[in-house]
Amino acid sequence: MSDLAAVADERLAPRSTARRLLGRPELGAVVGAVAVFVFFAFAADPFLQWSSFGTVLYASSTIGIMAVPVALLMIGGEFDLSAGVMVTSSALVSSMFSFQMTANVWVGVGVSLLVTLALGAFNGIMLVRTKLPSFIITLGTFLMLTGLNLGLTKLISGTVATKSIGDMEGFPAAHDLFASHWTVGSVDLQVTIAWWLGLVAVATWVLLRTRAGNWIFAAGGNAGAARAVGVPVARTKVGLYMAVAFCAWISGQHLLFSFDVVQSGEGVGNEFLYIIAAVIGGCLMTGGYGSAVGSAVGAFIFGMTSKGIVYAQWNPDWFKFFLGAMLLLATLLNAWVRKRAEATA
Amino acid sequence: MTTTTDTAAAPLVALTDVSKSYGNVRALRDVSLEVHAGEITCVLGDNGAGKSTLIKIISGLHPHDSGSYAVAGEQVRHASPRDALDRGIATVYQDLAVVPLMPVWRNFFLGSEPTKGRGPLRRLDVATMRGTTRAALLRMGIDLRDVDQPIGTLSGGERQCVAIARAVHFGARVLVLDEPTAALGVKQSGMVLKYVAAARDAGLGVVLITHNPHHAFLVGDRFVLLKRGTMSGSHFKEDITLDELTREMAGGSELDELTHELSRAPAAGAPAAGDTPAADLPAQDPPAATDPETRA
Amino acid sequence: GCSSTGGKRAEDRAKKLAANGSAVNTPHWTFAMVTHSGAGDTFWDIVQNGAEQAAAKDNIKFVYSSSDQGDQQAQLVQAAIDSHVDGLVVTLAKPDAMKAVVAKAVAAGIPVITINSGAAQSKEFGALTHIGQDETVAGNAVGDELNTRGRHHALCVLHEQGNVGLEQRCAGAKEKFHGRMDNLYVNGTNMPDVLSAIQAKLQSDKSIDSVVTLGAPFADTAAKAKQQSGSSAEIDTFDLNPQVATSLKNGTIGFAVDQQPYLQGYEAVDLLWLDRYNKDTLGGGQAVLTGPQIVTKDDADALLSYAKRGTR
Amino acid sequence: MSDLAAVADERLAPRSTARRLLGRPELGAVVGAVAVFVFFAFAADPFLQWSSFGTVLYASSTIGIMAVPVALLMIGGEFDLSAGVMVTSSALVSSMFSFQMTANVWVGVGVSLLVTLALGAFNGIMLVRTKLPSFIITLGTFLMLTGLNLGLTKLISGTVATKSIGDMEGFPAAHDLFASHWTVGSVDLQVTIAWWLGLVAVATWVLLRTRAGNWIFAAGGNAGAARAVGVPVARTKVGLYMAVAFCAWISGQHLLFSFDVVQSGEGVGNEFLYIIAAVIGGCLMTGGYGSAVGSAVGAFIFGMTSKGIVYAQWNPDWFKFFLGAMLLLATLLNAWVRKRAEATA
Amino acid sequence: MTTTTDTAAAPLVALTDVSKSYGNVRALRDVSLEVHAGEITCVLGDNGAGKSTLIKIISGLHPHDSGSYAVAGEQVRHASPRDALDRGIATVYQDLAVVPLMPVWRNFFLGSEPTKGRGPLRRLDVATMRGTTRAALLRMGIDLRDVDQPIGTLSGGERQCVAIARAVHFGARVLVLDEPTAALGVKQSGMVLKYVAAARDAGLGVVLITHNPHHAFLVGDRFVLLKRGTMSGSHFKEDITLDELTREMAGGSELDELTHELSRAPAAGAPAAGDTPAADLPAQDPPAATDPETRA
């Protein structure tokens, strides 16, 4: 079998490392991000200030923290429409438990973690048990949580917002963990940015270097085949929903500890921001393809665009128009770059 | 009929009077099958006869509706293919179980990934995975350019080889192959049969599905014939000739008629070097019942 | 572990339980209120509290529903008519969408009272009376107050895009304000976005010297944004809540303009009851005004405890 | 080939007509609808009145008119997130054009039809040209239309709502076509119900009995295979987006002529109601499967549920919770019935 | 090399020095091919040699990167399979082009649906569609229970038959078949070869891809051999023997070695009735180079 030796293959066109890098899903999005950045650097003077950079990063991180598990879930072939309100639920539980029990806020934080994980598990288990599309299941959870958030808050607090827990024991420490910020030079950096980057790193490691990551790709790429070769698809999906819940818990605690008070109606609609970030970052809607880094770049593009329009002081009536146009252009550029990279690679 | 064997121990896999319906389609009715260590059981039959359905029951992909299923004498009811895999049953499915967008090496080890490190640092042993994949495919005669390319971009036959190499690599006690050679080239087909024989020699039980009676007869020890969802025959190799087997697979009498029609066809082209058209026929599948020996 | 400070126990200790229970022996009528509010809005929450308190007093079954879409709100009124309620309270934020269905209610013999928006159309549509304050007038009050305070460049933060009431508030303020006023749309259901958007706006235009939020919950966030962006703008707001009252008290917020939502709900139910019971009307055909009231540091102390129990 | 005769096949279990009916996708949803109906008939007294029936039907029809093309689009494998605001855009164009030009309202209606169809075509052409997922493309259109609706209305009318066109020429006739209602006995039937049923009938005919219908199923079921056998997949998808636009135009004209005035901010979020209706009615999120009748049943379930909760006078704080729970239960029942029907068929 | 033919007219399909890359994978390099009316052109080669890629260029699914493509003498560049279909080129793809959730009869006519009625009443001729589908499949030996069942629930071979029957039914001038018999049973394979021969006799040009040299040699008029993306040979039937063909397909010398290994394998089982293991080998694909005649 002499001709089977692993010598350079004549059927492969040579391919440089640069090109290889360009072929990665997230690096298409990076080009989009750079383009958006350059655009606003010219269009909006204040955009290039260091302090603005902190604001943009903060806006990106609050979306990005949730975009990471949502991207993982999308790679695993499912959606979670309840992700937005689950953040609020998590904050509400934490706040109301601490307040009503007059307990140290850390107790509330712990209870909230358990409750939120249970919500995630509920989504996942309903999904694998009923075999209904995740769109329907999580839409049901979304509506129910929206109702529960409002109904329970009014029942317990008597108003649509929680009571302030700013004066309770344990608040300062919890605030430090979830909502502190440091000033580095003239940039104000929120702790959410650290959470965000940490989550991206962990998710990337899990996706590329663990069995669970392999299973996530397989569950989304071809669930039938994955099941046939013995991948615990159901367990993987439940785990993904719990990962979403875990990050919702982090976001929820941030919400609580940075604003003291939680409005029960919040979070509705945010689920789409997370999905947008994941998709801009290169996740396929159909599952089986994407990356955590991509979702971070997607969140960053979204953060830059939505804040850049404010910095540019464009007519606010047209805000959504600009937002839509920018997102479309960024994604188009992303797709175009990827196509070019593949064709010439 | 296949109850007494020379191998003393309980069969590795024994299906008794198994039935299976998809909705109102009765795909299998009262089929029995035994797989013994060191033997190759061939399942033969027409298109749509229910062969793949039988395979899917063995490999735990579908539960059976009635009848019993025993692995090494123990009654089982597999809830998922994982159960079957854990009992040492590795399968190559006809509609290939691969994840198109994943790289070849990830597909190869999917569901049984080797890891290194411990605790939170436990991670995929990527180097081993790539190396093993490349080597296993090279041994089958597939020289992949790049084990990192998505398996969906491989040719049909290359994909088939990955699936077979994987099953062979992980096959612990029973190896189930659903038309493994269908998409394969001449060289690769030979390789696969060699692997099947080697697995048998290593003491594995093998279930082989094929439409090629020659392949079947070459390596098979027992033959289960399915027809429209029911068992139409079950033979040991010593009880049957290749010719009888072929005839039974093709549905008997109609075949002769067809052979005549076909044998006229090539006459329209240029005459083959040395061979008469009729002499060609035995060498290819369909009209094999007209093997020279048989007609002589 | 237990917290030694704050929490429910502290609240309970401070709480004075208001006497409750109905004081009349009229039949158990059903009154419906259909508003243009989105879900979970603090302002409308207080309106509801007022209405419920009046309903409890008057032995009324009170049914509330709301939708921020005009056609949906009309359908909800239709559902109330189908349910043969004994009285109806509606808001006319989108008068044209409500015209036909209010006429239907009147034709079906259901007494209708309009609240909050729609002072101009109330009579024409056949309502008994109108209670409350047009958003435009409330906006005007803010514009005037900003002038009084010598502001030159204000920012109006709309927490929902295309919401009629919010647009009216901003437009009203702009109308009376002599300085320049910019609009900023934020995503009200995403507090971090509100924070970072206001922050971005303040960073990009240092000349902004006052920020007006259109709902109480956003005032505190605006204050935070101001602090983090190093701006010196004054934060002002529509509506009250406990946090705004506290901030007013300690000077973080300049002023709040209040329409007394509690009164809008309470009076609407009470007047419906009076109409049923005694054919009484209030206002002599004119709208009954509940505001606007400018609340500043001086009033804050007195209002804080009411805000905390959800009635101011 | 004697054994190939088309006699009764021994491999087929006998199957009654009733069971065959039960196996149809939409008839699973029908069971869900019946269950919801029976539930509210007991839970809400006013629900059983004829007049309430008219209200419920009207509510269902306003969703149902859009659910039909959205279901077709989903069968064709795509989404349209811009469907909700497109309704508003269509109404705005019609109203503002007539008003500004002081033209007969029919001129505005005509212009609106052209503009709306152009919007649909834009969605479709962008999709097939860029090959980006429809989620991203129509999200871009959604945001841009939201911005345009507000920006243009404020630019032209000076407020967020249009001026009344109730006194303009042609209004009565247009009102009759798009927003009239008849009283049959004590039931008030809106003309939208007729539009709805008409659209369902046409869509069913197209899906099951025309080449276009075949292509829609194929485009959604396996676009690659469809293209390979010569189906004009791109043209089919553009056509589907234009069908959505056409129905958005009908809905938009209804909105305009029943209220004289259009609020520029409305319509946001309705796109999900349409998708919900289609999915409850049995459309697969992944395309290739579904029916127009199913979408109608889905819209009816949604209409009954949302109005039934109001009739039942449940605590409005919990509205969303009940809505979510009912939808989930209806879909679960639907799925369960279908599974049973298939297993025993 | 294949430039002069006895058929005078321009070839139905002529590819000249065609190349095609997928990203950085060069799947085809400088391949030439001619399809003439009334002739069967066989494309042979190992797994991954580029056969399917060639087919996809002919059928308009992929554009070629360089080289020229002429249909009946006219230079073309198909933008979509529709263009190729309109020029009378019907194709059976290896990765079957069917829509799993659609009923069999709708799949059969997909893209070329017959209609009746006019104007707005123009509608699918459902009765004809069902009837034709059923009949066309019956003729291939597939007796479908129900043409209304989703094609995804058919067995692999049944699906293959639908695809072939469709191509045959619509094939106007050129019929392109990518491994049509791979998943087929004995009877069905015979039927397909019969169809191929019939199409040829009816004056169609046929391109047939197969891994079975016997099938190829039986019906083929010219043979194009691909190896790792390049043409390694092009022969007329009269210039080559079955044995040479087989040897060339299997890559020559390595094969003998394999045959020896395999011929030992069945000896481990029970001896076959009448035949020696070695005598079995010729009858099956891979080691066919050891045909008795050849070895003799």
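Going by the order they are written in, the chains are A, B, C, D and E; count residues from 1 in each one.
We adopt the following convention: a contact is a pair of C-beta atoms (placed from the backbone, for glycine too) under 8 Å apart; a residue touches a chain by one contact, two chains touch by 3 or more.
For clarity, every value in this text was computed on a predicted model and none was experimentally measured.
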Pair joined by more contacting C-beta pairs (D-E or A-C): A-C
Identity of the chain that, by mean CA position, is farthest from chain A: E
Distance between chain centroids, defined by C-alpha means - chain B, chain C (Å): 73
Whole-Å gap between the CA centroids of chain C and chain E: 74
Mean-CA-position distance for chain B and chain A (Å): 45
Mean-CA-position distance for chain D and chain B (Å): 48
Shared interface positions of chain A, touching two or more other chains: 1, 11-12, 146, 150, 154, 269, 284, 317, 319-320
Contacts with 2+ other chains: residues of chain E: 25, 145, 254
Multi-chain contact residues (two or more partners), chain C: 39, 161
Contact footprint of chain E on chain B as seen in their complex: 22, 25, 39-40, 45-49, 51-52, 94-95, 142, 145, 149, 153-158, 160-161, 179, 181-191, 193-194, 197-198, 200-201, 211-215, 217-221, 236-238, 240-242, 246, 249-251, 254-255, 258-259, 261-262, 265-266, 268-275, 277, 280-288, 291, 293
In the complex with chain A, residue positions of chain C that touch it: 1-11, 38-42, 45, 161, 182-185, 187-193, 195-197, 199-201, 203-205, 217, 220-221, 224, 228-230, 241-243, 309-310
Touching residues on chain A, where the partner in the complex is chain D: 130-133, 135-137, 139-148, 150-151, 154-155, 269, 272, 275-276, 279-280, 284-286, 315, 317-325, 327-328, 331-332, 335
Residue ranges of chain A touching chain B (in the complex, touch as defined): 1, 3-4, 6, 9, 11-12, 205, 209-211, 213-215, 217-218, 221-222, 224-232, 284, 288-289
Complex interface listing, chain B residues touching chain A: 59, 61, 80-82, 85-86, 91, 93, 96-102, 106, 109-113, 115, 122-124, 126, 134, 138, 141, 143, 145-146, 166
